[in-house]
């Protein structure tokens, strides 16, 4: 079985594993107050061209979203998100469990717009009984989105401007951020994106690390007491050094970008191959998740050889599926998949 | 600097690191539904002689305590704990953040008794306005305790009997469980202890793993829907295999016990050496944390060479400090410490 | 100004006020453990023909919904509701604040169906990663709904059957229950409705009381420890007798039904009058809320004389507004309103 | 049976009842946006000599404490309170249910000191792992305390100074505030007390109202979005006018003070009588709760004639009990009680 289920089917990139092995017996303080974390944070600040940014490291994505969001909202506030957003669908209600409503917006291609955020805010405050409704307090987007699409610079700028006006922190969940940044659809650098939001994450798990999310508060004033939040929400690793060591490795010699480029290149190889064979796609994704629409008759057999997920029943005997390419994906694997699918 | 601050100053035991490296490129499903987790769970069930036990793996201790406790309580219930319990002091109020009061009992040598639990329950239900107070809903103990002491079989049996009578799940936080089990103060096996509680953890972080806590529900009925809770509380690792691989390594050929024995032996070496030099102790700890009472005048210099924590100001120019021995502690390090402290 | 804003624009029905005055200096125990509450609960059980039902009294609607719902759900569960449901829109996220997601269903005429609930449950448990999503744990409906419509017996029976099958408590928010029961659209009695759900409320505030909601658990097993929940959620009135006195008055000599009938009759007078004048309605409501669609040009003037709320902009210079008739509404007031609106 | 159980055994003072009756059919907007609430708030601001104070009305005490406290704390913060404080003992963990730890201080005569608050804060921030512990975020005191004692001006001033220094809002729960202000132990006016805290309540329930608590934010900046909090926590009464009407009545012609004076005078009559008969007291209370220590042998009989509560078993066959005098208490009732108790 070759697994394209997701980008967390293997361990870590060899360079990450090697760093973990190399420093295994070095003694450090616990809980992320070690030199590795300090160095990794400095490297991230430099890459963002933001010497003042506050950088923290957590273990997983749901944990990170919960911790960041709960640190920014007052109890009567909710977080605006695409109704397809990860926090709205796939985190077992962790945000609601923390006391906050996710205020859903219908997305287009997985993305929401500044105009829609502004309309939601305007409608809220125009209502005579606004105190009877949850106040918008923050905006969450994922980049790339849950279906692989990428925000453009203009889209981010519009969202950012509305958020500034409405005093809503704009949070970008970058679980697969590298894949967005290296994609053909991206017209900005990491440093430029950092200026168009208030807090974002650089996901490690899906880009070559064993685990780990770096949280970057571009406005350090929003990071007040954040270590209390990490601890309270169960994200403070005793051997926090593991996060520092991994991110230091990823930030060294462009490894993070190289892994991202590898993942996206293989996804593009798959996309081109499928398109040539005549298959349509649910969405035009420029990153490492691809959503071709395949016949149900084909899928049962395919599932015996390949791991992937059924995403959406399209009717007429067709289903959109998801293939995802991780750091360890190989050209031969993609070609085997293409060959197994065949032409339309 | 030689660090005795805690037992998480290094990475993982070489055998654990080796297992992680060996399986690095094997593909598995995510979120703990892999063969490694399945095998590690089976090994733990076997060691507990409990074929029906439900075993889950989480990343960290605070996260695990929060997840287990919140899965057992209704909103009007609290968890009984020593007021020195980890959940009562050092988890940034994660239990309260989850909506539940920690009902504190004054401990003796870090331990609480079945009699005290029974008295608290009796007092609650005897009060005419008991509905105005938090209902006891669970009992939390740590073994070894936060000051290294170990519950005896009789003490656990008494707690267990009261908990049965009052229908309170008894939860043992075993962050350093191995050290309790191999200590001279322990008069039971893992399998025997498992029969004297409803849920307990086998801590990996402080006994040779990079991270990881195994949760064992000896009564599988208490584990209903537990995977939802893991996800909601941010403990479901995408590459959950990492927990399985590590616990499989720890459970193989008695590695977990060997590491525990090493930690405790070095602590005993330290204890004997300090006692011979005439120093007193805050508590008589048979495990890998030692709490000698040393002169403040000595500590400032000692802190330049050794990592440790000041635990309690004893007055009269004396302070109880904590030294902790981890999997990587070496005899030479202990001897260097003894030599630096000198005689009373 | 004549107010049709809502049905809580005045104090209480004279009979309720008189009862409060009559018993003002009688001494009773506090917190609802008085003879008035006991008698009122008995009268409600009798009216429901359910000698075993558990009856409790709370102060307000949001508080009651929050308390009932949180008493039934485990943390990973959410409550299914029409997306127009009061808990989903107009309670400032009190359910989310309690830790639970409201799982929205698109309603038809304000109502949801058993089939839609079954489909949601089936989809949840069919998903391979269901643990990553909130588990449906309860169903909330309001009767009459937020737009005045009334569930039929067949609709309730279908919902109830699905809820039984899926083991979801079915909760009916009866903030205006009396108006549903006396409406022309209702084909069941209170006692019959009680058998088609697990818990429901009989709202007092909008039917002649100063305040107060009676909660009826038709399955008393669901009411375990409910008084703890009332206290914890701030609904336990020190002078709980006030709730008992009011509900005793409402349950005496059919007062509750008489008030409901009065409210609905005046609403029907308004509806008939508006229909005769050629106006359309947003929805065909058989209860005390009416939603005619009126020209914006008319509304500005009308708002100077009458209280009401703008409900929905219909485009084309038309707006659906809400008129609501309370216990104190008078025929002359309705006629004055009709006259001020005039013909289309 | 004559009830001295508490000060909420009857309805409301006749003047309050009369006001409710008088305005019963006046139409007003709902949810506290009516002229009665506006006038009552203005009268309170005037009495406090604080034209800028923000005044809100809620229904009950537990609800009010929960709402005020949760509006001021961030999730990692707790509220400092005497371990005998109402929020720490008798509110079914409503504060913890809202996510926050109550940080207990041992009181003297029911009171805590500024020095103790300062020491707790200093200890917190001095700890190297302070992020692992709940951060002090607010101070809660009750005045009078749960055992009837009253803070002096110097005690309040010291607390206030420490709170200013540590940036902790100081919150005074005034469930029986009137009784403190008219007591012989009080050396300040309402206006003076208002200047020594950040937010306080004026309790109505125990001083002649049917129900109701006025919340006064002396620093209006702390009241931002407070109406959202009232709604979310179930304290926003649809017929909010009821709170305004009652507080307007209480604030008119010194009724509130007159009721308080009556309650305290009757309590002093009881105290003098008991002291003359040779009985000792648990505490020297200058307000409307008295705690004589009586023989258990006497209590069983006494309980058949009088309502009161057993407060604390003193050993040696003696129990401290609580007698409480409400607005409706009469001299004959007190004298009957004294006569039934007899001499020591």
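Each chain carries a letter (A, B, C and D) given by its place in the written order, and its residues are counted from 1.
What we mean here is this: a residue touches a chain if its C-beta (ideal position, glycine included) is under 8 Å from a C-beta of that chain, and two chains touch if they have at least 3 such contacts.
Because the structure is predicted, anything quoted here is derived from the model rather than measured.
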Chain pair with the higher count of C-beta pairs in contact (B-C, B-D): B-D
Of all other chains, the one whose Cα centre sits farthest from chain C: B
Centroid spacing, where centroids are CA-atom means, of chain B and chain C in whole angstrom: 50
Inter-chain centre distance, chain C versus chain D - centres from mean C-alpha coordinates, in Å: 33
Chain B and chain D, separation of their C-alpha mean positions in angstrom: 42
Junction residues of chain B, two or more chains touched: 75-76, 91-93, 97-99, 129, 131-132, 228, 231-232, 236
Complex interface listing, chain C residues touching chain B: 31, 70-71, 74-76, 98-99, 129, 131-132, 135, 225, 227-232, 236
Complex interface listing, chain D residues touching chain C: 1-3, 5-6, 8-12, 14, 17, 20-21, 23-30, 59-64, 66-67, 91-94, 97, 205-206, 210-211, 228, 231-239, 241-242, 307, 328
Chain B-facing residues of chain D, complex: 75-76, 78, 89-93, 96-102, 128-129, 131-134, 309
